[in-house]
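Below, each structure is written out as structure tokens.
Both of the next two complexes hold subunit A, though its partner changes from subunit B to subunit C.
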Partner chain A sequence: MNRNTTSRLAVCCVRILSATTIILLVAIIGYIAFRGLWKRERYVSDVLPSFSAGQQFVLSSPRESGLEHLSWFALREMAMGKVPNLRSVTGVNEPFSLYVTDDSLPAFLAAMDLTQTQLVRRTTLPLRPENGSLVVSLEAVPHERNVRLEDKVLAVDTVVAALNGNRRISLVANEDLKRLLAGNLRSWKELGGPDLPVVEAADERELQTVRGSWMVMDAKRWRQLSGSDNAPAKLDVEGLQESRNLSWGYLTGRTVESGKYGGIGTIVVNTFFLVLFTMLAAMPVGVAAALWLVEYAKDGLPKRCIQSGIDILSALPSIIFGLFGLLVFVQLCHWSFSLLSGTLTVSLMVLPTIIRTSEEAMREVNPNLLEASLALGATKMETIFRVVLPASRRGIVTGMILAIGRTVGETAALIYTIGSGTDVPKSLTSSCRVLAMHIYLTITEGQSTDKAFASALVLVLLVLVINSAANRLIHQRRH
Partner chain B sequence: MKAFTVRDLHVWYGMVHALRDINLDIEGHCITACIGPSGCGKSTFLRTLDRMNDVIDGVRVTGRICFEGKDIYKEYEAMELRKEVGMVFQKPNPFPMSILDNVAYGPRLYAKVGKDALMEICERSLRQAALWDEVKDRLHKSALSLSGGQQQRLCIARTLAIQPKVILMDEPTSALDPIATGRIEELMVCLKADYTIVVVTHNMQQASRISDKTCFFLIDSQRCGFLVESGDTSQVFFKPKDKRTEDYISGKFG
Partner chain C sequence: MGYRSRLHREQTGRCLLLACSAVCFCTVVLITIFIFAQGIPVFKKVPLGAFLFSTNWSPSDAEPHYGVFSFIVASIVVTTLSLLFATPIAISTAIYLAVFAKGRKAAIIRQSIELLAGIPSIIFGLFGIAVIVPFVRTAFGGNGYSLLSASLVLAIMILPTIINISEVSLCAVPAELKEASIALGATDWQTITRVMLPAARGGITASLVMALGRAIGETTAVLLVGGNAPLFPESPLSMGRTLTMNIVTDMSYAEGVHMSALFATAMLLFCFILVLNLLVRRKS
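Here is the complex of A and B:
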């Protein structure tokens, strides 16, 4: 092999490696962005999704309830007072109350197939409905979310849903439903049911007499029929629902149920608070320490000890800082889980980074400039403030960006120090979670990967914005 | 009138004896050139005159240096002295700021300067340094955009802005091309009327061209610098009292 071939091979390797890196980066960021923007939820419904007959009344509910659409059967249960808490419906821990205005009452009772004695409701609508309320009225309630009522079922001939051998059709997947509705399904066997041809029934009589027939009918009618002979069965629908994940509502909303529902508005604000206070605490100390190390400290054992101490601290896993914060700030100082404890813990954690980068930047300042300044009669302090700091500005700001990056992304140091309150802190001693913590808690407590990805996307964008803003800042000052 | 009187000056860097037994008078309003081979302590001597050696660790100075009759180590603060005795370095070292800010750096240290006063100082200093015409349209541009020669003249202007009485120059033209060198030399001759100039140079022609007085330094067997002879430039160059001066000037060593 001659040298030319070797060098070509080397270039080839470098190209392949860099291409791999780029592909990996794009894949990671692309995946986070995709999952952050789109969510796919698996659901099982006893009614056909997105099928609703024209109602004479409107359902509305505050955003906090998590209600977007309701199945007819669920609403009937709720109307009969069998649902004390929304936890069983949407997972939101809010006591449920149903308001039905008098003018919408007849239409509601008729649609729900209820008598007035069966209905458990409240009539006087409060100024601001509580979080777990559902309002039935003729006109939509302003500022509240409209809830869609889904009230069509897939009714089938009893035999289709009956036990056949050891198997039965229990759920119909969304794709199969589409094939059924489009008329592309030949036999129920394809869905694991009996070997019967699929027939679309024209009316109820046909549904009850023709083997293998099906039709889409009102839930109310299906319920009325279900007592009679030859009553049709219904098939539940299972599917993946794709919808937008990250929305304006998510960005600005309050957090509900540790992140399972609601948004992250307050948490973004908390993150900014943490970054702001951390920088206020760590930057002056860090820059001053770097100045002392560069300009004042005499070479010798103490300086070497301090420098290697800083190096050790910067390599320390952040959970150790978290532990320190827990023992000192939370317990010893009695500041409890609070913004103050969290800020100080993270400040300690980013301090070595700030000191190291600032120190390097200051060391790189041309010593001739210091001489020039001193020769003009400046004192050492004047020289530092007028020459050293401006000349090392870029390095100091770079250190700050690194520190902000670590602060925004920090979880371990905060778990035991900042607490998990979801509101904007009222004082330095109130607990408040930040974005990275929120992602962790959303997965462990809120159990929603979709929401976690939405938060992750916001975090990625936040870091991007901070970095580009800082870069622009440096660039502007340079000219 | 004498600007500096130096008596029995010794300088040590830690254990190294860098200069020994210097006795010298430096006349006001003329150019004094310090010549000699590398490492003979010319620069050390120059830096002692405005106490720039103070910032180096382990420096020890004995003897007596008087500036206008006052002992610079006893009767002056270093900052005060450096306001009277400016210094221009070998390598042009403008601050990474605008041209205007560079010139204004010194005056701003001593007083709050208004915008108009600042422009006035700036124009006067730049004119004195023969740089005004070249930079008057771009005072707010970075000083680093200037050429090497222009940068050095800016450094001179920056020193002139604090209105010192003496300007020390440490090989001010060694990093410049002959044309830029020529301009700086012209400038030095012009400045002689108002300022006392002490210049360290390796360039014999330069010393003989521009200086009025010359002092010749040499290094002894212990690598310690000492003054061989000093006097009028014409006398040192053409009728040297010491054999070693004659050898050096005629190019036999160094």
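Here is the complex of A and C:
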């Protein structure tokens, strides 16, 4: 092959490979953004999504409640005051209250098969329903989420839902269910059940007598029938629901049950506290160290020691800092898992970043300025405060921003130092988790992947903004 | 203000600055002392050879064993693989940035490298769980949580380190060398492979060693995708536990000798990083 062709080919390969970095970055951020904004939630319900229109009233709930759909049974239980809070339906731990507007009341009572005395009811509708409330009305309440009401039940002959080997077909996927209802399935074997024909039954008596049957009936009838002793087995339906993930409510809400429910409002505040205190602890020390290295240090053992100290510190993995923090701050100082321990651990970790960046900026200060200041009779210390620091402030701020970026994203050093409390810390010695830790804990404790992605999106945006600011400052300084 | 008081202030200030700059050095000394003081007692119970070269890690058994050889091997496998994956991409990018890149394209690549460097490791871990683990599962079988997944995640994470340092050393190659090569009729590619890369060899090696250090010390991201099984890794597809994963996993409940064994693991990691650091310094 011609060497020019080889060269061109090779250069082409280099170009393609170098584009990989951009692709990777876009892929990672894009994926996190996508999953952070949209969630695909699997849910299992024993009722079908409503196929029939013609609902007489509208259910509305506040957006933060997370309530998406509700079965007739659940609504009836709620109306009878058997459900104290929305916890069992959505996970929001708010006390539950049901509001029924007067014009929709008769229809509601009739549909629920209730009398007015059975209904636990408040009379006046609040201007803006609180979290945990549900409004039944004829028209949708403005600014609130409408909740779908599911009104059909799929029941299956007990023979079908019983064991086949060791496998129970109590759970069917949404697609299989559609095929079942359309009559496309001939045998329960296709769903992993026994080899019985799929037969449509008209009522419950028929369901009990025809082997391999299924039926669809309305909720009211099912309620009457399910009271009987030998109720048919229910077929659970597995559905996939897509909805918005990161919301204002999530961003500002309180964390419930270690991140399984609720939002990350307090955790964002904790992150802010960690950054604030870390900077308060690390900035003075870092800048002072840089000043000494630039203005005072003479070649010799002390300077060499200090510089290798900085080198090694910047190369140490964060888990080592975490262990050190655990030994010294948590155990030796008895500060336990707390904001203070975490802050000091991270401060030590970001020191090299601050020192390096500040040092670089200070070395670039025009020596004429220094000499002019000294010639005017200022002492070295006065020169430092009046000349060196103002002249190098941009570099120092850059160092600070880089350090903030590192602090915000740190996990390994914090696992055994800062603890996992979800509330805003009352004092320096109370435990509080920060955003990165929250993501780590939500995943490892298996609370919720969707919520982890929503938090991750917030973290990524935060880090991107911080780092872009630092980059801008660095480039401005160069030009 | 009197001369004397100004002098006094000058001297206090100077001492303060010295004290602040000594913080880093003192921290390193303290870290060394504390971790070694906690780690060394394990060797009273477990001989050094058994600790380093036994693959049996069963701290909760009636007769506990503390052998970290599997973890050492897992760490080595993960870092080596990640370097293998990352090096071609990273060096190509460095060459592109140092030799060809002009204008907006280069600016975009530089920006994305800087942003990539800033993404926290927990995000890489999350991305690994959601994308790389299923990818490995479908492409190679197994359950996906494997050393291979961990090394893929690490490869992305160490890209910026290799690119930045290699680019600096490629840019530092004197222009005369390059021009002489081109003047002799060499093509772009010949100039790169025969002149620039050999001239920048030191810097590129240093970048790889730095990346190695970062990869071996990485905790959260590998913890989430690596599988974390304390077994000897038979293939890159098997679940494995690296040194850092071992420290994090057991630390929450360890006591006594077990705790001490974990600090000894940290000691090992610490020594490894120190050696790498010395290597880099020797190079530059």
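By definition in this document, the second predicted complex is superposed on the first by the 263 of 479 C-alpha atoms of A that agree within 3 Å, B and C clash if a C-alpha of one lies under 4 Å from a C-alpha of the other, contacts with A are read in each partner's own complex, and residues count from 1 in each chain.
Assume a contact is a pair of C-beta atoms (placed from the backbone, for glycine too) under 8 Å apart; a residue touches a chain by one contact, two chains touch by 3 or more.
Model, not experiment: these values are computed from the prediction.
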Subunit A as common anchor, with subunit B and subunit C clashing or fitting: fit
Spatial angle subunit C-subunit A-subunit B, Cα centroids [nearest 10 degrees]: 50
Which superposed partner A:T379 touches (first subunit B, second subunit C, both, neither): both
Which of subunit B and subunit C A:Y31 touches, first, second, both or neither: second
Which superposed partner A:S468 touches (first subunit B, second subunit C, both, neither): second
Subunit B versus subunit C as contact partner of A:P390, first or second or both or neither: first
Which of subunit B and subunit C A:V424 touches, first, second, both or neither: neither
Partner chain in contact with A:V216 - subunit B first, subunit C second, else both or neither: neither
First (subunit B), second (subunit C), both or neither touched by A:S318: second
Smallest distance from any CA atom of subunit C to any CA atom of subunit B, in Å, after fitting: 8
Residues of subunit A at both interfaces, subunit B in one complex, subunit C in the other: 379
Residues of subunit B that touch subunit A when the two form their complex: 50, 52, 55, 57, 79-80, 82-83, 86-87, 89, 91, 93-97, 105-106, 109-110, 155, 158-159, 162
Partner subunit B, residues of subunit A touching it in the complex: 298, 366, 368-369, 371-379, 382, 386-387, 390-391
Complex contact set, residues of subunit A against subunit C: 3-4, 6-7, 10-11, 13-15, 17-22, 24-29, 31-32, 35, 284-286, 288-293, 295-297, 302, 305-306, 308-313, 315-321, 323-324, 326-328, 348, 351-352, 355, 379-381, 384, 405, 408-412, 415-416, 436, 439-440, 443-444, 449, 452-453, 456, 459-460, 463-464, 466-468, 471
Subunit A-touching residues of subunit C, taken from the complex the two chains share: 6-7, 9-10, 13-14, 16-18, 20-31, 34-35, 38, 88-89, 92-93, 95-97, 100, 108-109, 111-116, 118-127, 129-131, 156, 159, 163, 187-190, 192, 210, 213-214, 216-220, 224, 244, 247-248, 251-252, 263, 266, 269-270, 273-274, 276-277, 281
